[in-house]
Amino acid sequence: MPKRKDDLTSDIGWSTPDRISVRGLDLPSEILGHMNLGDMAFLLTAHRRPTPEESTVFNAIVVTLVEHGITPSAMAARLTYMGAPEALQAAVAAGLCGLGTVFVGSMEGAAKMLYEALPEPASGDADLDGIADRTVADFAARGQIVPGLGHPLHKPVDPRTPRLFQIAAENGKSGAYVDLIQRIQVRAEERRGKPLPINATGAIGAICCEFGFPWQIVRGFGVMARAIGLVGHLLEERTDPIAFELWQRTEEEILKNNGPAAKSAKP
Amino acid sequence: MPKRKDDLTSDIGWSTPDRISVRGLDLPSEILGHMNLGDMAFLLTAHRRPTPEESTVFNAIVVTLVEHGITPSAMAARLTYMGAPEALQAAVAAGLCGLGTVFVGSMEGAAKMLYEALPEPASGDADLDGIADRTVADFAARGQIVPGLGHPLHKPVDPRTPRLFQIAAENGKSGAYVDLIQRIQVRAEERRGKPLPINATGAIGAICCEFGFPWQIVRGFGVMARAIGLVGHLLEERTDPIAFELWQRTEEEILKNNGPAAKSAKP
Amino acid sequence: MPKRKDDLTSDIGWSTPDRISVRGLDLPSEILGHMNLGDMAFLLTAHRRPTPEESTVFNAIVVTLVEHGITPSAMAARLTYMGAPEALQAAVAAGLCGLGTVFVGSMEGAAKMLYEALPEPASGDADLDGIADRTVADFAARGQIVPGLGHPLHKPVDPRTPRLFQIAAENGKSGAYVDLIQRIQVRAEERRGKPLPINATGAIGAICCEFGFPWQIVRGFGVMARAIGLVGHLLEERTDPIAFELWQRTEEEILKNNGPAAKSAKP
Amino acid sequence: MPKRKDDLTSDIGWSTPDRISVRGLDLPSEILGHMNLGDMAFLLTAHRRPTPEESTVFNAIVVTLVEHGITPSAMAARLTYMGAPEALQAAVAAGLCGLGTVFVGSMEGAAKMLYEALPEPASGDADLDGIADRTVADFAARGQIVPGLGHPLHKPVDPRTPRLFQIAAENGKSGAYVDLIQRIQVRAEERRGKPLPINATGAIGAICCEFGFPWQIVRGFGVMARAIGLVGHLLEERTDPIAFELWQRTEEEILKNNGPAAKSAKP
């Protein structure tokens, strides 16, 4: 439990009648027209403007996380919108609630693994192969899967990963962590004897380490990006809905399988 | 209630083992590295790439909506995070739930008012002054305030508004709707006899009309942008919390005002 | 926008080291063991203990609202739980977010209609037939359906309605409002020429009027009751899940209908 | 990740035109008028009717969890309602989102601890003192606090605990788990050298073990109960709001501490 404090403080920003300041920048004159939405997200999480190179890489990361088709999250948002179309914000909220350990968890898991394996990336003489070996062995010993590797659909390669690594490399964000996760992949594939592509969340986890973002924040990038994707789904649901049909089919099937007719049919 | 449909469909995108498509574009090769986060939001709401000019204006709109200091929404998110720090996504969701008619409602209200006043913006010979007159008179007759005008803090000018209109003008998005809301402001100020600045939500509502976005979508821009801002608040809450202090103060004050001592003090 | 106030106050309750008071009652000695969960809900909404008769009727109302099978709300909760099983509270929250105008709206709509039609129920000489006529005519003139009538599945009778009216009658809660909604039903059926059963939300709306609950509160009964039902769904999802299958089927169908194969098949 | 399944099934219930069944009981004739809201919650979590004694104990448990004054959860709900009064369900959802590990976590933690310490409660000859010793020692060795003990306000006794244990004892639900947590308390107090009262969540955790509820469900009781309490808070917020004042005070204080005046005052 936190301690009491005398004063409430926040460094995020403030407003006076004629000024609005966000993280030390004047919103109208220094942000609007100068920074895109990804840059604004960077400002609020890194607490400074991105360089042009950082802007390119960071925008690529969050753009990757915006949209994944008809996910459980998108379905939950659409089913919610059906019941409360007057409260679009609540439908987005419902969709976000499911971004927990099962889906976005692998992104923060990958970043955490890499930071714990390599706390001091700057020292150039780390034995990355040895570290990769130990990391994979440790996960195996604990009976855990290595986060950020493998994908049920995208194999043998997740098409987002080489592109993200390329953008990172072209913009000075491909260092020891990107190197390390690739070595971890090789060891993990050897040990498991099957392809284990670095998936998008693994690639993003590694690049977040290159930026130095704490692993505890990484889930936040997924959450903010997915909010954008969910708005897209709700706009489509508004004009071309699927939620009602999903509901009716499900109800009918369960009535068939568990309703009175089903029970009487059982011997 | 919607009708049944034989097939579930969605035009948002699809994935195969080696491809990911979003609104007809190949995510790795055509989106990543080419589009920033605001462009991606545009793609998912307008269903096409923005032009460079549109990208500048649209990014300015959504960037404006990201952060507003310690709003009720930010407070709700921080109080939620205090109880469930393991579920950052749920704290963002809690913060979004309050983006209803009171705060973001004025943005969609402004867009709706403008579309209803001027359904056909292309015809250059509309009598905008006459339309402004009638619009202000209609709201007054219904006892409603004109949406998008006035601000409790930012007066006589909301500093975001002239900057947004400047960016719109420099990029070909300052047409009849931006013109009309300014005439509406003049009429409303005459009628009320006090300054009624076009606030940021009014400016954004007008510019959204220039883009042709349906007014029902406009709230979605506020929701997606605020998700980014809320993540920023939760990161600060993680290292420099205010929620616990807020809670303790409130509980103490209510105990003082309504607890057993208060009751016995009453005559 | 509300006004500032000097003191924060709340009459709900307070705690001291050795006492906990809720709405003026001592929780350990006056509530625990003496009041059931529905009585506690009554205490917090009516601000007094229910009589035994009120307890019976009020519990019947909220019990009716707990569970409705695989609703969109239950599906949203289950899909959310799949992604974040560590945050059961967020899955319940997601399920509640959709309890808006489409589903629970008819309950508050029925109560509002009845209060507006009969603001003074005590005067025994109201012309209920005349009021019913005018009410039905007014809704028809506005092109609106009468709230609380009709059900897609339960016809010609919603089996909950006669039972709720029976419980209300046996416990002194069947007065002018229950009478009025039945007369409204008769007029509406005559006008439409088809059976329009009073559905459960209509019956509950009318009984809430007998209690004198403001119509704006009525949605709250649906929300609290459904929270219980959603916990039941999530416990089943934990051991016998359906969300994953729902997701996979939907994704596959949309890939078939909108994926690359579908596009190339079109002439 | 779960496996695919051919058929969607649910044992919760089903509806036909003239029948509604919940967990095998006919809703109108077997539930309405016969079961109170707590009994309905029991039916949906234990999958059978409670006995009269079980009804008394279970209702006492959930009633205890309904209301805790101005908690962070209640504050979040009220702040949300202020922005979206048209979506009461979303305000309740926001309040629920924070019921995570920090607050309701101790309830499931206590139940989990007791089940792990005593997997077979039926065998009467367990050495409960030895088990209590080992349990307290294990938590101390891991540097963890014992869940369910201690309270920041209610000391030396949480007034809910003796009453809950009394109700449990009078109704045949005070067995080995209630015994064990009391022995754990004694050992923990000896080790820590200060009073560590069994708090309400500890008492409830132990009684849930007497019922045999899986510890993973226990949080659900807190969530469903709090939904009722939150509706009570929102009804008060509707007529006697505090959220606006909370917001204004906070914003003013942060402007004073972090705004432009504060910065220029620093040397």
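Lettered A, B, C and D in written order, each chain numbered from 1.
The rule we apply is simple: contacts are C-beta pairs under 8 Å (C-beta built on N, C-alpha and C of every residue); 3 or more make two chains touch, one makes a residue touch a chain.
Since the model is a prediction, treat every value here as computed from it, not as a measurement.
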Selected pair, greater C-beta contact count between C-D and A-C: C-D
Measuring centre to centre, with centres taken as mean CA positions, what chain is farthest from chain D? B
Report, in whole Å, the distance between the mean C-alpha point of chain C and the mean C-alpha point of chain D. 23
What whole-Å value do you get for the distance between chain A and chain D if each is reduced to the mean of its CA atoms? 31
Could you state the distance in Å from the CA-based centre of chain A to that of chain C? 36
Can you list every residue of chain D that touches 2 or more other chains, as numbers and ranges? 1, 8-11, 14-16, 19, 69-70, 82, 84, 86-87, 89-90, 93-94, 97-100, 102, 242, 246, 250, 254
Chain-level touch network, classified as line, ring, star, complete or other: complete
Chain C residues touching chain B in their complex are 1, 7-11, 14-16, 19, 21, 84, 86-87, 89-90, 93-94, 97, 102, 152, 250, 253-255, 257-260
Taking the complex as given, what residues does chain D use to touch chain B? 69-73, 75-77, 79-87, 90-91, 93-95, 97-103, 242-243, 246-247, 250-251, 254
Interface with chain B, chain A side, in the complex: residues 1-5, 8-20, 22, 27-29, 31-33, 35-41, 44-45, 55-56, 59-60, 62-64, 66-70, 82, 87-90, 92-94, 96-100, 104, 153-155, 157, 159-160, 162-164, 166-167, 216-217, 219-221, 223-225, 227-229, 231-236, 238, 240-242, 244-246, 248
